[in-house]
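Heads up, there are several structures right after this.
Each of the two complexes below includes chain A, the first together with chain B, the second together with chain C.
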Partner chain A sequence: MRKIKKQKIYLLALLLPFIMFVIGFEIGPLVAMIKNSFYADDGIQVTIDQYLTIFKSEFYLQAIKNSLVISVFSAITSVIVAVIAAYSFTKFSQKIQNRLLMVTNMTSNFEGIPLSFSYIILLGNNGLFTLLFAKIGWDLFADFNLYSWTGLILVYIYFQIPLAVMLIYPSYQGIRQQWKEASSLLGGSTFSFWLRIGVPVLLPSIVGTFSILFANAMGAYATAYALVGSNYNILSLQIASLVASDVALKPQLGSALGVLLATTMIGAMWFNERMMRRVRRDLR
Partner chain B sequence: MSYVTIEQVTKGYDNQLVLNNISLTLKKGEFATLLGQSGCGKSTLLRSIAGLEDVDVGRILIDGKDITDLSPRQREVGMVFQSYALFPNMNVFDNIAYGLKMKKVKNLKSKVNNMIDMVDLIGKEESYPHQLSGGQQQRVALARALVMEPKVLLLDEPLSALDAKIRKSLQKELKRIQKELDITTIFVTHDQEEAMTMSDRIFVMNKGQVVQSGSPSEIYTSPVNTFVAKFIGNYNVCNMEVFRKLVRTTELKGNEVAIRPEVLQLVSVGEDSLDLQGNWEIKGFVKDVSMAGNVLRYEVETEECAFHVDYLHHRGEMFEQGARVQILVPKKECIML
Partner chain C sequence: MKSSLTFHKLFVGLLVIYLLIPLVGTLLFSIAGKWDHTILPESYTLKWYIELFQDERFYDAFRRTLFLIVISVGLSVVIMLPTIFIITVYFSKWEGLLQAAAMLPYGVPPIVGAVGLIKLYSAGPIQIAGTPWILIGAYFITILPFMYQGIRNSLRTLNAVQLVDAAELLGATKFQAFRTVVFPNIISGILVSTLLSVSLLFSEFAFANLLVGGRFETLQIYLSDKLNSSGHLTSAIVITYYSMILLLTGTVLKLTFRNKRNPVGSK
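Take a look at the complex of A and B:
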């Protein structure tokens, strides 16, 4: 009995660095952020003014809205592409699948400033392809502006798709060939198999992936910063300018925006879970 | 009039024949078993009938209609898989109703409920596959296939994943349902005992060919070759030359002789009243005795080879290990191969 207790203590002691890390770098900043958001600009007076400022300001509301729209849009698009792409991966031989996964893995880590810079080189105002298309005379791309909403979406989708593929691919291994065979023997078409069995079985992983992509896009900062700077009003850029700018330093307001950002993400995940449980009643 | 006809079906993978010119016919309502070791082609044949595999050569007909080139959904066959293959996101009712929904059948509810009643799953309609035992899952799979009223029911080792007791009771139930619906059934198994208990007719398969077909008792008592003899009944198979030497005779023909272990008798050396008219006798000693519940199995070593002798486990009839005995071999029970 005593021996078991001792062993437990040792095991807990081994967890200590991890616990300290979580407290120091995750829970600590979170608590500080929440606390900070309830202080006035002077950092002394306790108030909810920061939140009132945000909800009264069209500017900040627009930032929240823009962030939500770009995140939802890029996450949905990427999930749809990834569901199809990951399925087509499974149709190749194991060797090619491994190669494809390697490429996907690499590209999923390609984001932030290097990614924006690559896009600027290729599709910016003086980008390689922009100039090439202009020379050839393709006016299809004449209206395209990388430093705009479309450009931003394009770059977001670019870094979201490989991540989505990586996350959804493994769940295709859970789709059993015999389900397809049983379905076809019972008179089901390929479409009805995917509609009634395949997609519902994949759903938890699709929903989980969507949540991660959504959070990923909401929090993306460097990519957007490098590409549009302050030309485009999104939440992560506003928070950054409030806590790190040299013009208007308002860490308390930044914290309040940060709390809202975190709440939105948690809200989105909760909503996703709820929706999924409605469709997959067996998982209750 | 045959209901299912398989004509010269041949199929190969990578230069290897999996099905080698197979022909067989089944009557309506018959319970037929494809029996063989793994890799003998029995499952491939079943899957070809279902349309899940293409055949290279040959034709498959059900009820006079050539279904060789039809897709699985057009064949009107039902299939039950070894691993059940239930749809995990649907409850029992929806799993069984799936096919009817696909067919847009009316009064679906009563049909599904009848089926649930038949497989004895009342009260489990709302349960999901992961909440059911293996036996219950297999009943759902069976109901899901049967509710479509298929012309032929295909069963691909449906009981192999279940434990012995549930297996026995499901065997009986399967047989009952099959008789009740009078549905032509093709059952695949590697278990000869299961094949014997369930089937009207057994097709023993080896290396992509049907090596023998017949009723269970025909197959058991008259195997046509060494493979069937060894596979189906633990026969003692002995080289003919060796056997002639053992029984000191020259009158026997053939390459090998097969004798069932339960027709042999053991007597102590020196015991009188031997019926030498109908029996041969071979001297030997008991090398090993093993007990399988109701059966005692003696391994008797003779000059040339060993014989297995099976006895029902009566009390007080045991020969000790090392005992010198004579094996009585009934002449009429020797099968020349």
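Take a look at the complex of A and C:
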């Protein structure tokens, strides 16, 4: 009996480094941020002023709104493209499907600073396409400005699409050929198969993918930083400039914005988890 | 029916072109000599790469990134392997807690994590903000979900609990059971999550920029600093960097594929 107890203590001791890392770099910072968000700018007085400031400030509400809009918009667009693309994938031979998945996998790693840079040399002020279009005389792109909302959305959609395809593609594997046969034997058309069977089966994974993409865009920082610097008012850039810039540090306000961002993202992740449980009963 | 296949071909074709254009464009730009008013470059040159590979700063940044990756991924393997093993085998009632701790980073983006880390480590007893050490801690947490999933899945497919029971029944100690039975069988599973973590940290910018910035210039910081200099040179950096990522993910894909065809332990 005593031996077993002693052994357990040794085993618990082996868990210590992990617990220290989790407390020091995961839970600790989160708690510090939440606590800090309830202090006034002087860091002494306890108050909920920081949150009031945010909800009264047009500037920060705009940042939140911009982040939400860009995330929702890029997530919806990417999900739509991915739903069609993943379905199209299934029409090809297995070998080609593997190739296509490889392309999406490879391009999904092209994000952040390198991606923004790539867009700058293609569509920036002196970009290859910008110059080319100007030469051909396509007016459509004359007003295009990469360092703006449109540019930002374009780049966000680019890094969301491969991820969306990879997340949605597996759920098409769950739709069996037999279901289609059964449905048509019972007199259903292709349309009614998708309406009554296909889409309902796919829906949880579509919604789940949407929430992952949404969170992905909400938290994105590098891409926006490289593209618009601090010229554009989105949440992640504002938090960064409040806690780690050379001018106007307001860590308490930054913490409050951070709490709001984390709440949104954890909410989205929780929602995805719920949806995944619906698709995959095996997850318990 | 045929027209619909044309649609699929067209759609997938456009998608692939859309996805590859930025990469191909950057690649061409990095080897272009003169390229002002034609669709394809007028002349090609490798001088941008030569210039890049002669830049001491590039090597230094690369070394720093490598240092951070080796330390944090190494620490993660050394710490997570026994932790997950001990919890799944001996303290299974805590598995939920472990999972929650391991998956939390998914919901906390670096930009949020950095807020608390700056607060915690810029004053007080441990002042490591602005040093590489804070990055190692942050990176340990960043790769936690991947390491956790990789190790836990390998342990599950292996039926680690039963194997250890059997080994102990045959007279092995816990450590022996882990070292000689469990460990050899999960190496390949761990390798995949290790490589994934390496490629993830390779492209990490947010923490590096917010916590340390120019004081410890990593590859990504170097790249962002070069954004405003010669486009050709920056293209060469992007392509070099992306080739490394491709090499890593390529290996991951290959290993995953091999593991699927040839499940762990069936050798």
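What we mean here is this: the second predicted complex is superposed on the first by the 241 of 284 C-alpha atoms of A that agree within 3 Å, B and C clash if a C-alpha of one lies under 4 Å from a C-alpha of the other, contacts with A are read in each partner's own complex, and residues count from 1 in each chain.
Please note the rule applied: contacts are C-beta pairs under 8 Å (C-beta built on N, C-alpha and C of every residue); 3 or more make two chains touch, one makes a residue touch a chain.
Predicted model only: the values in this text are computed from it and were never measured.
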{"item": "Which superposed partner A:176 touches (first chain B, second chain C, both, neither)", "value": "first"}
{"item": "Which of chain B and chain C A:40 touches, first, second, both or neither", "value": "neither"}
{"item": "Chain B versus chain C as contact partner of A:200, first or second or both or neither", "value": "first"}
{"item": "Chain B versus chain C as contact partner of A:31, first or second or both or neither", "value": "second"}
{"item": "Per-residue contact with chain A, leading partner among chain C and chain B", "value": "C"}
{"item": "First (chain B), second (chain C), both or neither touched by A:115", "value": "second"}
{"item": "Which superposed partner A:187 touches (first chain B, second chain C, both, neither)", "value": "first"}
{"item": "Shared chain A surface residues [contacts with chain B and with chain C]", "value": "none"}
{"item": "Chain C residues touching chain A - in the complex, by the definition given at the top", "value": "5, 7-9, 11-12, 15-16, 18-23, 25-26, 29, 35-37, 39, 79-80, 82-83, 86-87, 90-91, 101, 104-120, 137-138, 140-141, 144, 174, 199, 203, 205-206, 209-211, 213, 220, 223-224, 227, 231, 234-235, 238, 241-242, 245-246, 249, 253"}
{"item": "Complex contacts: residues of chain A adjacent to chain B", "value": "176, 178-179, 181-189, 192, 196-197, 200-201, 280-282"}
{"item": "List of chain B residues in touch with chain A within their complex", "value": "50-52, 71-73, 75, 77-79, 81, 83, 85, 87-91, 98-99, 102-103, 128-130, 144-145, 148"}
{"item": "Touching residues on chain A, where the partner in the complex is chain C", "value": "7-8, 11, 14-15, 17-18, 21-22, 24-33, 36, 81, 84-85, 87-89, 91-92, 100, 102-107, 109-122, 126, 128, 131-132, 135, 158, 161-162, 215, 218-222, 225-226, 236, 239-240, 243-244, 251, 254-255, 258, 261-262, 265-266, 268-270"}
